[in-house]
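Shared between the two complexes below is chain A, which has chain B as its partner in the first and chain C in the second.
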Partner chain A sequence: MENRPLEYDYTVAKMFMLTTILTGIVGMLIGVILAFELAFPGINTILGDGLAEYTNFSRLRPLHTDAVIFGFTLSGVFATWYYVGQRVLKVSMAESGFLMFIGKLHFTLYVVGVIAVIVSLLAGVTTSKEYAEFEWPIDIAIVVVWVLWGMSIFGLIGIRREKSLYISVWYYIATFLGIAMLYLFNNMEIPTMLAASPAGETGFGAWYHSVSMYSGTNDALVQWWYGHNAVAFGFTVPIVAMIYYFLPKESGQAIYSYKLSLLSFWGLMFVYLWAGGHHLLFSTVPDWVQTMGSIFSVVLILPSWGSAINMLLTMKGEWQQVAASPLIKFMVLASTFYMFSTLEGPIQAIKSVNAIAHFTDWIVGHVHDGVLGWVGFMIMAALFHMAPRVFKRELYSKSLMATQFWIQTLGVVLYFTSMWIAGITQGMMWRAHDEFGNLAYSFIDTVTVLHPYYTIRGVGGLLYLVGFLMFAYNIYKTMTSGRRVEENELQSASPMGA
Partner chain B sequence: MFHWLEKHPFFFAVGVFLAIAFAGLVEILPNFAQASRPVIGTAPYSTLELAGRQVYIKNSCNACHSQLIRPFKSETDRYGHYSLSGEYAYDRPFLWGSKRTGPDLMRVGNYRTTDWHENHMKDPTGVVPGSIMPAYNWMFTNNADINTAYAEQLTVAQFFSVPYNKPVPMKDGSTKIVKMGASVAEANADALAEAKVIAADMKDQNIKDAIARGEIPEIVAIIAYLNSLK
Partner chain C sequence: MNIAELQAYGYFALTIFMVVILYSYIYHLYSKKKNADGCDYENYSNMALKDDVTDTPVSAISDDKEK
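This part shows the complex of A and B:
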C-alpha cells in the first residue's frame, strides 16, 4: 500500500448529494402538507378549486412516499455508495473512464426518472400498488438505472485493491440484489396498448396503461412481499451499510464485533423476506402464510438488534464523544431509533395486536419513527461526514447542527407519540360494542376524535422539515464559505466551525 | 467460509440471492393457482365499472379506503360479510389499501346509493358532518376514459381468460353474462347505455347534459364502480 492516500474522485457522489437534499425537501414538504390536510381539510384546496385535483390528499400521497423513498433515501444510498465504495475498495473512480461514464449516466437517467415520476403521479397515472405506483415505461427506466448502479458496484469491485469486501459492501450488494428481485416480480404487468378488438382495431386507450399479472389475493401477496422488503432493502440494509462505515470513521473506533456483524447480516438476509405476510394478517391470504409472517417478524428482532447493538458497543468507553459531537449524536440516535422501530414492528406483527393496529395511524407512526429517526438521521449524518472530505472545507456550523438535532428529535417524538395515541384510540373505538352488542361508535366518531393528534403530528413533521432546511443550509454554507482544510484534519472526527 | 466469501464477490452475491429468494418461493408459489379462482357470484367488471375503477385508482382512493373486511364481529357488523379470496379474482390490481382514514368500501354498493355518492363527492361534510374527506369536483367535469377500460377488458380476457360474454354462475343459481363490446364504438355505446341508468338517479344538470351529448363524466363511472361493490 502506498504511503500517499489515493485521490478519490467524488464527482458522482456530489451529484447525488444534491438530489438527496432537493428530493428530501420536496418529499418532506409534501408530507407536512398532507399531515395538515388531515387536520385541516380546507388545505386540500389551498391553491383554489381549479388546481384542487393536484393539491388533493389522495393525489399527493404517493408523491410523498415515493419522493422520500426513491428520491431522498435512494439518492442518499447512491451518494454514499459513490463515496464509501471507492474508499473501502481502495480504488478511485478516476482510474476508470468507463466507470466514471457509467456513474454519470446513472445520475442523469436517475434525474430523468425522478422527473417522470413526479409528472406522472401528479397526473394520476398510477398502478395503485404502494411504492410501485409507476406504469411500465417508468418501470423500464428504473430497471435501466438499477442495472447501471449494479455495473458501478461490480465494476468497482472488479478493479479493487483491497481484496476483502468490507461489511458496508456486503450491504450495498444485498441492496442491489434485493430490490432488483422484488421490483421485477412485483411489477410484472401487461400493457393494454397490445389489445386488439374483435373488429380489428388496435392502439386505442392510454398507451402507458397496464394490467397486473396477478389478481386479487395473489397480487396482494406479491405486493406486500415487495412492499415490506422494499422497506428492508431500501430503508434498512443500505442504511446499515452507511452506519458500519461512518460511525467507526467519525468516532475513530473499530467495529465492536466482527462475528456479530456476520450473524446480523446473514440473519437479516434470510429472515427479512418471510415477514411480508404481517401486512396481510386476517386477510384472505392463507392462514399459514400469515402465521409465518407473524413469527418471522418476531425473529427479526435478533439480526436487527445485532447490528444496532454492535453500533452502540462500538462507542464503548467513548461516550463523551456523543456529548461532544452533534454528528455522533445523529448516528447514535439513529441506531437507537433503529432498535426502537425494530421492536415496535414485531409487536405490531403479533396477531392480536395487529387486529387493533392494522389500518390505523399507529402503522403510519411506526414507519415514521423508522424513517425520520433512523433513515433520515443516518443519511444526514453521512452527508455531514462526507461534506468536509468532498469539498475540502470545514463544516460550516456546529451549533446549527446541534440545534437541528434537538429540533428534529422533538419533531420525531411528537410524530410517533401522537400517532400511537391516534392509532390505538381509533382501533379500540372501531371494535367497541355497547351493552346490547351494537357498535358503540359510527365511523365518523372515530375520525373527528383524531383531530388533536393529527395537529400534533403536523407540528412534529413541520419541526423535522425545519431541521432539514437547516441541514441543507449548513451543507450549502460548508460548500461555499467553510474554512478550507488539509487532508490531515480529515482523519477521524469531522472539522466543524462554531 | 465467510472469510472466503468476502474475498469472492460473485459467490458472495449468489449466497445473498439464495438467502433472500428462498422465502418468496415458499410463501407465494404453493397457493398461487387456488387463490386466483373466483367464488360463485363474482362476475367481471363491465366496461363502465372498469372505467370507474380506473378513476378510483387515478385518484388513489385506496390511500384512505380499504377493501378488505376482516373476520371480526366489529367489522362484519359495520361493513357486511368478511372478505373471501375468490371475490377478488377479477381485481387487477388488488385494492385492499393499507390505511382506513375513511371507512372500508368492499361492500359499499349494499348500503349507499347513486344520489348519496353524488352529494358526497361534491360536498362530503354536507353529507357526513365532521368528515375530513376533500370534495372531488373535477370528477364532474373530467370525462372517463372508456377506450382504456375497453383495452383492459380485452387484455384480461385474452391473457387471463376472464369470462366476458360468457355465462357466470350467480348465488341464486342463475347465470349472468357480462358483455364486452366487439369494437371500440360498441364498447362506448354499451358504457353510455349503462351510464344513462346511473345519471337518471343524479340531480346535477351538467351531468345529464353531458350524457345527452354522449360524454361520460368520471363521476358517473366511479359511481357505477362503487355500486358494483357488493
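This part shows the complex of A and C:
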C-alpha cells in the first residue's frame, strides 16, 4: 500500500456532476422552447415544415420531461450519493477497486442510456406512457444501470466504518428500492414481434416496438401508481436525502430533531405509495381508489412538513446565515418550496378542488413550483457545496450566486403565479354553462384568454434557464480558476470568492 | 356478517394497529437513551457534521477499522 493518508475519492461524483449540468441545460432549454411554443404556436414549425417533425410540441415534450427527470435529477441524485455516501459511512471509494469499477461502469452505461433515450425520443420512438416512454431495449439497459447503482450503495454500506446509517442513507436506499419496484411493474411490456394474430400472422411492427401488459383502466391505475411515486421517489425522497446532509453541513448546525427525521421517513414511506389515485379522480377507476388517493394525499402533509419544518428549525438561532450565504438561501428556499408544494398538492387532490383543477395549467404550475423551487434549488445547492470540496478550490463568485438566486426565484414566482391564474381561469371556463346546460365557451375561447399567462410562464422559465447557465458558468470557473483552498477551510461553510 | 361489515371492522382494527405502532416507535425513540446500553438518537446528527475520513465514527462498526 502507498503511504498517503486516506482520502475520499470523488471521481464518480465529478462525472455525475457533469451530466447533471449538461442534461439540466438541455432539459430546461427544451422546456423554455415548449413554453414559448404554447404561447406562440408558430414556433412549432420555426425550422420549416421539413423539420417540423422534430420541433413540434408533442415530439419535444417527452424529451423535456425525461431530460429533467432522468437526466438532471437522477444525475444529481447519483452525484450526491457518490459524495455523501462515502462521507457519512466514513469509507473511501479508493479503498475498493471493485466499487470504483462498478461506479465508473454505472456512469458509462448511464451515459449510453441517456444518448439512447435522446435519439429514440427525437426519432419519435415511444411507448406513449407518460414518463415511461422508453422502449423495451432501453428499459432493460436502465434496469442494468439501476442494479449497478444498487451494488454501489450496498457495496459501500458493506465496507463502512460507521455502524449506524445516517438518515440520508435511508432516503437513498428508499429511492433505490422505490424506483426499482415502480419501474419494473409499470414497464411490463411485450415486444410486438412476439405477437401472433388469430390468422397466424407474426412479427408485427419494428423489433423495438412493444405493447404494455396492462390495458384500459388497469393501465391507468398502474401508470399513475408509477407516475405519482416517480414524484415520490425521484423528486422527494432523494432530495430530502440531500437536504438532510447538505443543510446541516453547510450551516454547521445539527439537525433540529434527528428523531423527527426518522419519524417523517417512515411516515413518508407508508403514506406516499397510496396517493397516486388522485391523478384519476372522476375517471373509470373504482370510487374507493379515488377516495383513498384523496385522503392519503391530505395525510401526506404530515410527513412532508415534518421534514421541511425540521430543516427550517435546523437554522434556529442561525438565521443571519440565510442573509449572509447565498448557498444557505438556496436550501432554505428549497425547503420552503417543499412545504408550499406539499400543501398545494393535497389541496388539488381534494375532489371538489380537483373538479376545477384537473387537466388545467394549475397542475403544471404545481409540478413546477416543486421541481424548480425544491428539486432544482436543492440539487444546485448540493453541487455548489460539493464543488469546493471535490475540486479543492474556492467557489468562483458569491455575487454571481446571489444574482442567480434572485433571478431564478423571480422566474419560479412568475411561473407558478401565471399557471395558477391560467389554470383556474381554464377550469372555470370549461365548466361554465347556461341555464339549459349548454357550455358557455368553446375550447378556443380559453386559449385566447390564456395567451398572456402563457407568455409570462415562458418568461419565468427563461429566467430560470438564465440562472441555470450562470450556475453552470460558476461551477466551470470554480473548477478551472477558483483559488486553491486547504482542507481546514472546508469544515462547514463553503469558501466563496467575491 | 357481510363483506362490507368485515371490511369496516378490518379497517378499524388496522387503524388502531397503526396508531399503536406509531406511538410505540415514538416511545422507543425517546426511551432508548435511558437504557443501560442506550444511545441518544440526536447524536447521530454528528455523522454528517463530523464526516472527515479521519474523524472518529459516532458508533464504530469494529475496533480495528476505527484506527
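By our rule, the second predicted complex is superposed on the first by the 481 of 498 C-alpha atoms of A that agree within 3 Å, B and C clash if a C-alpha of one lies under 4 Å from a C-alpha of the other, contacts with A are read in each partner's own complex, and residues count from 1 in each chain.
Going forward, contacts are C-beta pairs under 8 Å (C-beta built on N, C-alpha and C of every residue); 3 or more make two chains touch, one makes a residue touch a chain.
As the structure is a prediction and not an experimental result, all values here were calculated from the model.
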*Put chain B and chain C onto chain A via the superposition and say whether they clash or fit.*
fit
*Would you sort A:Glu7 into first (chain B), second (chain C), both or neither based on which partner it touches?*
second
_Which superposed partner A:Pro248 touches (first chain B, second chain C, both, neither)_ = second
*asked:* Contact-wise, after the overlay, does A:Gly276 reach chain B, chain C, both or neither (first, second, both, neither)?
replied: first
*Pick one for A:Trp170: touches chain B only (first), chain C only (second), both, or neither.*
first
_Touched partner set for A:Val485, first chain B, second chain C, both or neither_ = neither
*When the two structures are overlaid on chain A, which partner does A:Trp266 contact: first (chain B), second (chain C), both, or neither?*
both
_If touched residues of chain A are counted for chain B and for chain C, the larger one_ = B
*Of all C-alpha distances between chain B and chain C after superposition, which is the least, in Å?*
7
*Overlap of the chain B and chain C footprints on chain A, residue-wise?*
163-164, 262, 266
*Spell out the part of chain A that touches chain C in their complex, as residue ranges.*
5-8, 86-88, 90-92, 160-164, 166-168, 244-245, 248-249, 252, 254-255, 257-259, 262-263, 266, 492
_chain B contact footprint on chain A (complex, rising order)_ = 37-38, 41, 44-45, 49, 52-53, 56-59, 61-62, 124-130, 154, 157, 163-165, 170, 173-174, 177-178, 181, 185, 190, 192-199, 201, 204-206, 209, 211-212, 214-223, 225, 229, 262, 266, 269-270, 272-274, 276-277, 279, 282-286, 289, 292-293, 296, 355, 358-361, 363-364, 430-433, 438-439, 443-444, 447-448
_Complex contacts: residues of chain C adjacent to chain A_ = 25-26, 29-30, 41-49, 51-55, 57-61, 65-66
*Going by the contact rule at the top, pick out the chain B residues touching chain A in the complex.*
2-3, 6-7, 9, 12-13, 16-17, 19-24, 27-28, 31-32, 35-36, 54, 57-64, 66, 68, 70-75, 77-78, 83-103, 125, 128-138, 145, 147-152, 154-156, 158-160, 181-184, 186-187
